[in-house]
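Common to both upcoming complexes is chain A, partnered first by chain B, then by chain C.
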Partner chain A sequence: MKKELKVIGKPIPKHDANIRATGKAVYGHDIVMPDMLYGAILRTEHPSAIIESIDVSEAKKLAGVHCVITAEDVDVNNIGYKRDHPILKTGEANCTRDEIAAVAADTKEIAQQALKLIKVKYKVRKGIYDVQEALKKSAPQINKFISGKFENKNTAEIFHYEHGNLEEEKKRSKHIVTRKFTLPRMTHACMATSNITASFNLIDKKLLLYSSTQVPFLYQRDMAHALKMNPSDIRVIQPVIGGGFGSKLDMHPFEPICALLSIKTGKPVQILYTREEEFIASPIRQPMEIELTAGVDKAGNFTFREINIVKDNGAYTSWGATTPFVIMQAFSSLYKVNAVKFDAMAVYTNNVFAGSFRGYGNPQATFALERVIDLLADELGIDKAEIRLQNANRKGETTGQGLHFETCGLVECLENVISKSHYNKKKSINKEGRFKKGIGLASMLHVGGGAKIYRSDGCGTILKIDPYGYCTIITGSNEIGQGSETVLAMIASEELGIELKKIKVINTDTDVKPWDVGVHASRTSFVAGNSLLGAIKILKEKLNKKASALLKSGDSEFEYSDNKIISVKSNDSIALDKVVREMHFSEPNELAIADYFYEPSSKFQDKDFKGNVSGTYAFASQAIEVEVDTYTGNVKVLDVYVAQDVGRVLNPLLLDGQIEGGILQGVGYALTEELLMHEGKILNPNFHNYKMLTASDIPNIHFSPVETFDKEGPYGAKGVGEAPLIPTAAAIANAICNALDLEFLDLPITPEKVLKAISLRNTKNNSKINSHSL
Partner chain B sequence: MKKQLKKNKPKIEVLHEISFTLNEKQVSCKIKASTILLDLIRDVFELKGTKPGCHEGECGACTVLVNDAPVNSCLFLAVNANGKNITTIEGLTNHDGSLHPVQESLVNNGAVQCGFCTSGMAMSIKAMVNHFENSHHVPGEIRNDFPTRDEIKKFLEGNLCRCTGYVKIVDAAEKLFAKEEF
Partner chain C sequence: MEFNIVNPKTKSELLGAIRKENHFRFGAGCTDLLMELKKKPEKDLTVINLSFVKDPLFTGIKKSAKGLRFGAMFTAHKIVVNEEIKNKYHVLHEAAFNLASTQIRQVATLGGNLCTASPSGDMACALVALQAECELMNTSGKSRMVPINDFLIGVRKTALKKNEVLFGVAVPANKKTTTNIHSGFIKIGTRRSMECSVVSLSYHVQLDKNGIIIQAGIAIGASAPTIRFAESACEFLIGKKLKTISQEEKERFADKVLSYASPITDIRATAWYRKEVLYNISKSILE
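What follows is the complex of A and B.
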């Protein structure tokens, strides 16, 4: 018998939305500490150069300047996923972001003025901005800090994966399609720019950081390694975070730089990026070339996929280098496929380095895969919806890579969007005239129950109820605006029968909260939710025991409702706060407190990248209708039909927010957003020239949650955060191709590219006609 | 309420004295000619609700009302505030801490995620409300001068948001007008 839920599933606004909507939330930009200084960073003028000398003497003399540091002044370790990234650069510059010196001053203005007084002598070199150039034998080694693990000196990382018999599957394929796709640099463009406030206490040698990191415990450890400190002497407090989307998964050089300025001066120091700095120096989505060859047999079953990916690593290695973990999941396991051979290589160049970005490589992979699936369907003369349904993953399946789908709503997602969008009617509507409409389909598979890429994918919770009947959840998990705090409060409210306003969530302080791996991989509601449920179970055992004693009934089964503990058998009840007081004040005198560490059932993958890496998996399909203006090349996204296997809807209001926000980011990725680079420099570091979408660009979004009730998830829920943007660009590209009967291999599909493709076809057709008429 | 900008100026600059109304209170201060309204509000009057998103008039996070009209406070020289009526997000909230209907609608419609754009969004929506409040209306007659959904979207084009995809923000504005509770 299923208990009816009172709170879970209700459209409850984010619990601190009122604080945020009144301007009372304190973000990193709002922190002011007594005697605080402002830090600023001097970056290289040239993306590739020998640094012959740095003269900071004039800067040091400026009134109001407290400290100027260069690499010479600090004793630190390299940072980054492969520890190949010096915090301050010396000897040479390899990337337009390179930090040469840093200043701490009384005001932001003085700090900026001081930067102008630093004289750096450069000997400009010819940089390497193309991965193929970097792979040439004659190319110089770009990053000098790597061990030479790979044959080529500019290889940063290599991934190889395979399953099935590739050659056999190739032989029995009826059609084979090969395409090479190019994916652009996209930037997070969080509304709050990067920021940090560091305060080193000279007396007890402890470092306090107000940081927007998404992974405070890994960050604490990374910071300690960088500064040669003990991690526990570093306390990380997260202020309200103005957007994450993966950008704060890595620790970036400005953060230890700020700490160093504070250590040197003994005063708090704050660094706030300008918007231009944010565009230039914050991480991006990985640019890459994906070559995909895929086959289909005569019955329409997918036979094999062979993938070669070359990623531009930039000058240093971030977590972004590990995106092939996720990319290979899409290729190995989205739709059934018998054989897969996957190779990915990250190559050092003098370009900017990437980080992690919502979807973690999956939007790139899904774009390539779903485009090729359309082409295979065309080759075979089979309907594009049909081929997807036929090959869709099913419940109970274990894929070639070892991902196990205990639940799987892919067929339902596909059927939903095909039917709601009237796909079958719209796919062949009249394509005459200036405005051509088209419709495209794409699906996605993503981790939905965390991702075990670190030794633990766990999350700790400490739960307490106070003598006034209020509940405090101290969770290891983080809030970056997505609303996980609210979901946790809802779970506690549901289970403990306490109203939401009596529930507090504490989650910002590493000195207080228990360990958690961080906010990423769409994991928070799933992992932190399960962790909280575990703690609630333990706490309830204690409370039940006391309630039973107080009620003198000997009952063992209780319900929690309206701030009361109610006996199921007798219906006798006692106030929750009273039970807590009695726990505290009568023998055996114990606290109403419990702790729990939840570790998902997922496995760390073996060296061949096989294994069930997530507690559960999320699926989604989108059918997107577009209208292309063939005179201007403009693409208007009209309707987005989206169905997503969310396991169970925990809060429809917040879920909608994730879906809609993700889709618009996906539309931007498909049509407008690209960080343009020329010889290592970013050409459009501002909102005027980097085209983020506005309110006028919203398509009509028709969302249907698909509930599959996964037994691993809290109340059956799966992770939802990244999924909405993953198939969007793919579905839009398929729709544009459907509208114009043309192919696009690159994102974003700008008006310029659309017009070029149309005019190229016209020229070809004309020349054909001409040759015939001759 | 008299405060000075940070000390420790490397060179002497002429200061200008200005007086204006800030969230219904009369205030005055001495500022440099180059001071922008955003910095005056945040650093001198320590009202941190107005957010710095780009400092170049592109993102709208710092939107405040100057005589009821929305402006990007990062592009507005503070000396031009002299004699004017400035309203920030703090001035929108009622004195007892209860939310203005604009804020309430944003909260209830799920329009707030990270919240960094929210102050600016709220002020832009309030500006829209002012516009229609001030328009001619005969009691008892059906109003047909409400903005359409497309007009709301157009009005909010100057306010960027990276989290929500704008849908819930436009919903919040639309429902506010439908209720006529402003």
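What follows is the complex of A and C.
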């Protein structure tokens, strides 16, 4: 690990930063194709209704309309993780997003006008918007496409996990705490709204899609299944993507709808969401109730955790239903714990369905767990920092679930933020007066080396050097703004001694690039980086051989620097481009090209969810100081101290970007962001009332990377993308509770909830009230 | 969203356009207008674009012994950077500074903020505390002065007649004997920018050399169908020494302010919260 690195670890700006900042980047919204039509979607007026009839005749007559489709006009399969989601709905509507019909027209305005001419007769039903209602025997079945695998007709998915002897550990516990937490709907609010351009070629029957997916190869397969086509007849090209955060892991109905409009008309069709549509019809973070019971023994060791989760699945099942995979890891393995029993259930309702969202259930789990840890410390009368340090995971540990921590920086992370934030001094700072300060701690554990949930968690790379000494990396992985292209170019530059400006990354076209499972699970730099290193190794062997022949030295060890290949022994050198030319143009005429497929060492979990699911694991701690205005209930986040085990810093600038963005998202989750719903309808589908924070809300962030050099990672690096958001809400909640000596069980902790809790205490004069009694 | 645009360049062209058009709306910075038209498109609408009208009385600011006179087209940004306003009419400075974001403040006008007549208009709330007067000009070029309280008559309703345009706003000078000004704007919301007031409170309190309150203007926003001038709360303060107001008096003052509030519950806040906060921040300005 000690080899001196020239490029890795340097603050190199994103290679396309200038293009993006000057507005030259081509997003899906900028694509124009000859003869292109504009698509628009009619959604249901009622979240729950019988659709008695749909009359599209007037819409079809409107000049400029090329095609109107309803479920009747198409022969397609259901989509979604459970294939329980019809692309176009017929017979009944079950969710405010439901797509009833779609139009393709010459202009966006005509398409919108046509939608208004479609007459739908609804018989409105009451609808079920509460999971407990949905679980009642008398409730009607909401989704008619379910497998029937579960006892209750509205159960979409269940998870059960356990390790250790729960009863024994309960008996051993000195204190036991039980709390029920409620987590809100949060939405990604990507800056670029959802978009797709589809072009079906009537001659060769091939479909070209410009799509902002995060998982092009899974998407290609899902699209093919939906449309009853061959996957390889579908070419997916990703334009520049204006925000993913997990929202583009599922394929959504508007995407096959756009393809269908193109198939029907034989012309390219584009669908762009308006901002309002984006709020209504793109996915959300799973809302859920988490009931957690946890114990601690008299020495302060965690004994057991018992978890019951009920998630509101909404009307259809997305990848979001599988978040308990990640949630259970936090409960089973963050801090040592002898016994865990975990049950989670996703329940169909007529609400909007969730998707995947940065952290994948982990922010919810961490909020519940870290809140309860504070309560256990209080019960036992031990310091909140101390109890965490005492129970923290250590290097070499294999947890009850089978996660193996070859490296683990949790203790270092905790010690770092405790010391830098002056936690011990600040925790008991004077709480008199209008403005009350408080400080809170929270940590997190997340996969840091991919997550084996699909048959392969691998990534392919094709690497070539051209006769001018330029390098092209064709990688299966893709860029959704996180900067992985830049990191890959840095790795190639480091290893091949080629300047960054001579390195190109090709990663947007499924017809060109080798397989990869997609951007999720903080995996890209880890998996694609390792894959690239594998290809570099193979290519170097070829180049070394040629260089050795050309230098006539018989040397076998070379260094690559300044566009040259240098013999380690003799220090003789030869230009890299010359070596490539000689390979290409003189016998035996060989290409300077290599390919490699990297598969992480992780294992599938068994049917009991046990096994080492990731190549490595990331850890982080945050200490957050807040100031609560007891007159208004506003919480000001003052300072955020973050220490994160990143394995190794590949690029500090990009790392800072992930940390800062993640934290602001976490502050939003803690304090302001909630998609409000009433009887299945979204009440705040706009930035005006959906309180996503802006640049002026960013707190002071003090970040310390912790480097543990994991041998599995490229240069020792781990995944970093999701982690910064995960413990933020938990730490803020702990800080607010510390400031006010009150409990909060729901997110977001809005000014109104704060003021209500304070005023309730004042009237009851009872110092321990929890927000459920409000 | 479709409409015609006319671009008068002078005052007389503007008055001519008003005479000529019969279904029209004024557009100043258009930050409210476009949102409104997007939500509720109007057929055959003409927008009379005010932003090219060159007339210093319409676009600028003038100081005189009577006070400050703003053109209706004076922007929030210009208010923020004006030292005179910052020092002597701080409430207006803070209200403008808390409006939306840097970008919006470049185009959002004082006139637009008043004519939109939103109960949560920030600059309008400051102007009510300052007891400003609105100058309405009709198509024959005649002006009438209307006290701001009579100008804002309801949600999205003003005293403007169909043949009138808001031409300017006059803010009375601080009292001659004033030596100290306790002036500010408190905006309640969740974000630091791009926020619409959940409740707002404007105060402009003038003190003489002994620290006695000789003039007070208190206004509340987002707490009633219009921005309210809390007259009895103002009167309550006159003659008191700011530094020595007792706890009990502060509470009585806050009660008086609160008596002007009849807030609603909506998705941004409940009526309970609005009242609670209004009471607390009212008290806070005397602390």
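Keep in mind that, in the parts below, the second predicted complex is superposed on the first by the 764 of 774 C-alpha atoms of A that agree within 3 Å, B and C clash if a C-alpha of one lies under 4 Å from a C-alpha of the other, contacts with A are read in each partner's own complex, and residues count from 1 in each chain.
As a working rule, a contact is a pair of C-beta atoms (placed from the backbone, for glycine too) under 8 Å apart; a residue touches a chain by one contact, two chains touch by 3 or more.
Everything numeric here is computed off the predicted structure, so don't read it as measured data.
Novice: Using the touch definition from the top, say if A:Ile176 reaches chain B (first), chain C (second), both or neither.
Specialist: neither
Novice: Go through the superposed model and pick first if A:Ala17 touches only chain B, second if only chain C, both, or neither.
Specialist: After superposing on A, A:Ala17 lies in contact with chain B but is clear of chain C.
Novice: In the superposed arrangement, does A:Arg275 touch chain B (first), chain C (second), both or neither?
Specialist: A:Arg275 sits against chain B, while chain C stays out of touch.
Novice: Quick one: is A:Gly662 in contact with chain B, with chain C, with both, or with neither? Answer first, second, both or neither.
Specialist: Once the two structures are laid over each other on A, A:Gly662 reaches chain B alone.
Novice: Thinking of the overlay built on chain A, is A:Asn684 touched by chain B (first), by chain C (second), by both, or by neither?
Specialist: The second partner, chain C, only.
Novice: With both structures fitted on chain A, tell me whether chain B or chain C touches more of chain A's residues.
Specialist: B
Novice: Once chain A of both complexes is superposed, is A:Gly242 in touch with chain B (first), chain C (second), both, or neither?
Specialist: The answer is first: A:Gly242 touches chain B but not chain C.
Novice: Just to be sure I read the superposition right, which of the two partners does A:His188 touch: chain B = first, chain C = second, or both, or neither?
Specialist: So A:His188 only meets chain B here.
Novice: Quick check for you: in the superposed arrangement, does A:Ala25 touch first (chain B), second (chain C), both or neither?
Specialist: first
Novice: Which holds for A:Leu380: it touches chain B only (first), chain C only (second), both, or neither?
Specialist: In the superposed model, A:Leu380 contacts neither chain B nor chain C.
Novice: Let me check the overlay on chain A: which residues of chain A are in contact with chain B and also with chain C?
Specialist: Looking at chain A, the two contact sets intersect at 687-688, 694, 696.
Novice: Okay, in this complex, where on chain B does chain A touch?
Specialist: The contact residues of chain B facing chain A are 6-8, 10, 46-56, 58-59, 61, 88-90, 92-93, 99, 103, 106-110, 112-119, 122, 150, 152-154, 156-170.
Novice: List the residues on chain C that touch chain A in their complex, please.
Specialist: Listed in rising order, the residues are 101, 188, 190-194, 196, 267-270, 272-273, 276-277, 280-281, 283-284, 287.
Novice: Tell me, which parts of chain A touch chain B in their complex?
Specialist: 11, 13-14, 17-18, 20-27, 29-30, 32, 62-64, 106-107, 110, 113, 188-193, 240-245, 272, 274-275, 480-483, 653-654, 656-657, 660-665, 686-688, 692, 694-696, 698, 701
Novice: Touching residues of chain A toward chain C in the complex: what are they?
Specialist: Listed in rising order, the residues are 434, 631-634, 671-672, 676, 683-684, 687-689, 691, 693-694, 696-697, 750-752, 755-756, 759.
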